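Naming follows writing order (A, B and C), and every chain is counted from residue 1.
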Amino acid sequence: MSLRAKGMTVAFGKLTAVSTVDLEIADGEVVALLGPSGCGKSTLLRALAGLEPTAVGTVEWDEQDLAGVPVHRRGFGLVFQDGQLFPHRDVAGNVAFGLRMLRVPDGERQARVAELLSLVGLDGYQRRRVTELSGGEQQRVALARALAPRPRLLLLDEPLSALDRALREQLALDLARVLAEAGTTALVVTHDHDEAFTLADRVAVMRAGSIVQTGRPEQVWRCPADEQTAAFLGARTVLDATVADGRAATPLGVVGLPWAPAGRVRIALRPNALRADPDGSVDAEVLGRVHRRDHVRLVVRPSTVDIGEVDAVAPVGAAPQVGERVRLALDPDGVAVLPSA
Amino acid sequence: MIATALIPLGFLAVFFVWPVAAIVHRGLSAGGVAAVLGRADTWELVGFTLGQAAASTAVALLAGMPVAFVTARVRLPWIGLLRVLVLVPFVLPTIVVGLAFRTLIPDGGVVAIVLANAFFNVAVVARTVGGLWTHLDRRAEDAARSLGASRLTAFRTVTLPALAPAVGSAAAVVFLFSATSFGVVLVLGAAEYRTLETEIYLRTVELFDLPGAAALSLLQIVAVLAALVAGAVARRRRESALRLRAKEETARRPVGPEWTVVALALAIVGLLMTPIVAMVLRSLSTSDGWGLAGYRALAGTGDRGVLAVSGVDAALNSLRTATDATALALVLGLTASVVLVSLRRGRHRAALVEAVDTALMLPLGVSAVTVGFGYLITLDALPGDLRTSPLLVPLAQALVITPLIIRIMVPVLSSIDTRLRQAAATLGAGPVRVWREVDLPLAARSLLSAAAFGYVVALGEFGATSFLARPDAPTLPVAIGALISRPGELNNQMAYAACTLLMVVTVAVVLLVERLRAPAANLGEF
Amino acid sequence: MSTAACSLSGGDQPAAPGERVVTLVTHDSWAARPELLEEFRRESGIKVEVRKSGDAGALTNQLVLSKANPIGDLAYGVDSTFASRALAENVFAEYRSPEADKGPQRYAIDSSARLTAIDVGDVCVNTHPETLAQKGIPEPKSFEDLADPRYKDLLAVESPLTSSPGLAFLLGTIAHFGEPGWTDYWRRLKANGVKVVRGWEEAYGQEFSGSSGKGQRPIVVSYASSPAAEVAPDGKPRTKALLDTCFRQVEYAGVLAGAKHADDAKKVLDFLASQRFQAEVADTMYVYPARDGVPLPPSWQTAAPAPVTPLAMPSDRVQANRERWVEQWRALAQG
C-alpha cells in the first residue's frame, strides 16, 4: 500500500514543470510537498492523480504501474484549493458522489455521509446548499467528499490557502486530526511551512521542478538542504560557525545545538533566532519595529559585529522603540544548520 | 473522443458535403465557370450579399443585446414571456414577414432587407448571449464598479469580454442566416436587389443553368468560409472558464440606469411585435368589419379543400415534424459540442479544432436549393431512397438546427470549470459519467433553451418542408404558403389566421419546454 | 426517441401491406379533394402518393436531374414553357391514354405522345373596375392601353425572374409585339410607372386594389380564373380579366421513363384525364380543364370564362430564348 514515483517529468510544450522527481509515500503516511508558488508542486500532484500526462518516468502503486490507469480508476481522492463542490448538488449529494460511483447501497451511503460530516464537524448539514456555505465549510465538505469513498491516497492541493488565517490554523489542526483518525495516506501540497509541519509526517521541499530535500519536519526545519531552502523556510541570515561539544560559536555569540555536526558549519538564522534579552551578549540599534500577534518584530543593526541589518524579536511588554539600543541573545530554536559549502 | 466526433461529422458528410459536392461537380464539369467569375456583376453580387449580411448582423446585435440583458439579468414577473415573444419572428414564413414589411416600408430596398433580416435574428442574439449572461458571476462587475468604473466601463471591460464567446457565436449565426436570406431579399428587393442566394435559386430552378449556379455556389461557400474563419480567429481563446452561477443568484430587480435598458428592450420587443400585431389584425379583418371567418374556416380544410387537412391537423403535423428534427439535432448538436469542447481542452492543435467547428457551421451558409438539388442526385444511393421519404424532412431540418445548438452549447460547456470535472473523475466517475453528472446538469438550462430554439426553427421551417412534406400532411407554414398564394378574401384571412395559430402554438410549446425541469432532487436549483 | 417513432407514422394512412402504390410528382399548386383520391384508391386498388417539388420550373429540373433513377412514377405540372426541356432530356416515357381521345390531345406538344395535357391556365391582366370608375378612367382593353399615360402608376406585375405568372406575362408581350418590339413596349411600361414585385402574393395580394389586400393599383397581372374568387355577396364579380391580354400555359402529365410502377402509373394518368377529375380542377386548382365538354362551375361562367383566343408560344421557342429574354428584361427593368 504505497506510492512510488520514479524519474517523473511533466512538460507543457517546451516548459518542463516537473523534472525527474522521485517520491515515495508509505502506507498511512502524510507527506507534505512544500515549495514556493510556481515550483511545479501542484503539477506533480495532478500528474500523480492522472490529470496531467507524464512525459518520462513512472508512477506505481504497490509496484503496479499506473501509466494506463485513468483518473477515475486510480482511487486517489483530490481536494482542490477552492473546494470545487458541485453547485447543482446539496452537501449530502456532494459527499455521496464517490459512493454513488462505487454503487454503494443507499442506506450505507447515507450512514457514511453522516459519519464523514460528523468527522469534519458539519453534523446535520446534509440538505444545505453548497453555495450558501462559508469558505471553511466548503473546504470541510470537499474533504468529506474526497474521503467518503475511502481513497487509497488522498491528494490535497493547497487545501487551506484560500481561507483566512485564523480559520486556516484551526482547519489545519482539524485536518491533521481527521487524517490521523481516518488513517489516510495523503500528499498535501502547500507553500506554507507551518501548514506542512502541522500536517505531515514527512516533508518534501520542491524548487523549480525538482525535489531538493525530503525528511521529517524537524529534520528539514533544522537542517535545510541548502541556502535557498533555508531562505524559503524563513532563515535568511547566513553566518559561519564552529560547532564543538554541541555548542556553536558564532559571530553573535555561542548557542547550544546538541544535534549539530561538529566542525566548521554555516548556520542560517530565522527572525526569532535573536531575542531581546537584557543578559544577551550582542548590542544592537533598533531600526524598525512591527507589532505581531504575540511578539514585536524588530529590525536591528548589531554594533559588535559587521553583518548589516538582521531580524530579531522582543516580548510585546518589553519592546524597545526605534532608535533605542537593545541587547540580544541567540535562541537555538531559530537556528538552522546548513551543510558546509 | 475521436470516435464520437464521427457521429456528427458522418451526418454532415452524408447529408451535406456529398450532395453539395455532387451538384457543384456536375455544374463545374459542364464548364463555363470562368465566364461567370469574370463578370463584374458577379462580384457586385458577392459584395452586396456580404454587405447586407454584415449590416443585418450589426443591427441584430445592437437590438439583441438589451433583450439579452433583460432576459438574463432582470427579475421581473413578465420576463419569461418576453423571452418567448422574441422567438415568434422565427416561426413566421418569410413570405408573410416580407409582406408585412412591405406594408410598413412600402418602397422596400436595402433598409427594409436589413431590418427584416434583423427582425428574424434578434432572437438568436437574445438566446445565445442571454444563455451565458444568465450564469455569469455578477461579482466581477461589482469589483470593477468598486474600483471606480462607471456602469458602462464595467460592462465594456468586464462583462463584454466574458460574453465575447457568446456574442461571437451569435454574430456568426446571424451573419450566415442573413447571407443566405432568401425570401426576404426577393420580396423586399423585388427585381432590383439580388444576393448570391437568390441568384443561385434563379440559375438552378428557373434557368437550369447548373454551371452558373455551381460557380456561384462555390463563391458562396468561399465567402461564408472566409467570414467564419475571420469570426473564429476573433473568437479564439475567448471561451474561458468562468465561474457560473445560478440564475437565482444573478438576476435581480433592475436598479437606477438599468431601467433605461429595460425600457430599451421593451421598445425593441415592441418593434418586433409591430408586424406581428398587423398580421393578427389582418386575420380578423373582413370586407364587412371584424370577424372570425378565417379561424372558423381553419377548423375545417379551408375554402374548397385547399389544405387537404384542417388547420388543427396541420398544427399537429408541425409539432410532430419539429419533434423529430429537434430530437435528432439535440443528439447531433450535443455530441458535436461535447467533442468540440473536449478537443479544445485537450492539447489538440487549435487549427484542427477550428476546422471542425467551422465545418459544422457550414450548412447554415450554403444555399438550401443547392443542398436540395444535391439530394436528388445522391441520396438514391442510400438504402431506402431517402429522396422522397418524409424522413428527409427532419434530417434536412436537423442540418440547420444542429449548428444553432452547437453555437449555444459550446460557450456554456466551455465555461464549466475543468477542475469541477476533475473532482468528479477523482471520485471515480469515468469520462461519460462526468458529462452526465457534471456538464449536463450544469448546462441543462441552456440545453433546454437551445432545444426550445431549435424546435421553433423546425416549426417555422418552410423550404425543405414544402419540398418534402406529404401534401396530405402539410405543416402550418406549408399550409400558410398554400393559402396565401390563392385569390379570395377567405383564403387570405385563413392564411393570417394560420399565422396566428402558428404563433400561439410556438409560444405555448416554448413556455412548456422552458417550464420543464429535471427532477429537483438531482439538479437542485441551478 | 419514442415520440419520433410515433410521429413519423402518425397523421397519414399508410399503404396496406401489398397494396399498389404510385408516386405522383407534382408542383406546389397541386390540390385534389382527398375523397376523390380515396374513391380512386377503392376502385383501382392503387394508392396515389403525392410528392410536391416546388414550382413548375423546379419540378422540371428535378425530373431532369433524377432521370437516371426517377423520384416517382408519373409527373404532373410540367407546363408548356418547360415541356421542351423535359422532352429533350427524355424524362417521360411514351403513353397514349385512352382518355386522351376525349379532348386533351388538342394540346399535344409533339407527335411522341409522351405528355398528356391535363389543364390549361391563362395569365391575364386583371382589373378592379370600381377603383377605375372612382378615378373616372375607362377600363383598359389591351396591352397597348397599359402604356397609355391615362394608366400611369396603375399597373403591378410580377418579375419574370422569380414568378411564373411574371414570366407568362413577359412571354405574352413577346408573342404579341414580337422581337424586338417587346423591348420598346416594356420601356414604355416602365416610363408609365409599372411596379415590378417579386411574386403573385405581393402583386395580387398586396398591390392590387381588387383583392382583400386593398392595395393602391387597380390593374395587375394574375390569372383568367382569379375573378372567380372575388365574387361579391350579391353574386357579381368584383374584378375582371382582360381576355385580350391572356397568355396560355398548358400543364401536362406523363409517365416517367424508368418508372418502377409504369403500368399503374398509366392508370393514374388515365384518371387525371378522366371526366371525374377534370370536373374538379377548376375548383381545386383554379385552372381550366383540358378535356372537351367539361362544364365549368356556375360562378366561373360569368366571372371567369376561358379566354377564346389566348396568346401562346411553342415550348421549344421558349426554351431556346428564355435566358436571353430574361436577361434583356432585367437590363430594361433595372436600367
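The criterion applied here is as follows: a residue touches a chain if its C-beta (ideal position, glycine included) is under 8 Å from a C-beta of that chain, and two chains touch if they have at least 3 such contacts.
In this text the structure is predicted, and so the values were computed from the model without any measurement.
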Contact graph of the chains (line, ring, star, complete, other): line
Chain with Cα centroid nearest the overall Cα mean is chain B
Rounded to the nearest Å, the gap separating the Cα centres of subunit B and subunit C is 34
Distance in whole angstrom between the CA centres of subunit A and subunit B is 54
Subunit A and subunit C have mean C-alpha positions lying a whole-number Å distance apart equal to 87
So subunit B residues touching two or more other chains come to none
Counting only contacts in the complex, subunit C reaches subunit B at residues 1, 3-4, 7-8, 10-12, 23, 25, 28-31, 33-34, 49-55, 57-58, 60-62, 64-66, 69, 71-72, 85, 159, 161-162, 167, 196-202, 204-206, 211-213, 222-223, 226, 229-230, 283-284, 286, 322-323, 326, 330, 333-334
So, in the complex, the side of subunit B touching subunit C is made of residues 95, 98-99, 102-103, 186-187, 189-192, 198, 202, 204-209, 287, 304-306, 308, 313, 316-317, 320-321, 323-324, 327-328, 373, 376-377, 380, 385, 387-388, 390-391, 394, 466-473, 481-482, 484-489, 491-493
Subunit B partner, complex, touching residues on subunit A are 49, 51, 70-78, 80, 84, 86-90, 93, 97-98, 101-102, 129, 131, 145-146, 149, 151, 155
Note: in the complex, subunit B contacts subunit A through residues 244-246, 249, 417, 419-420, 422-431, 433-434, 437-438, 441-442, 522-526
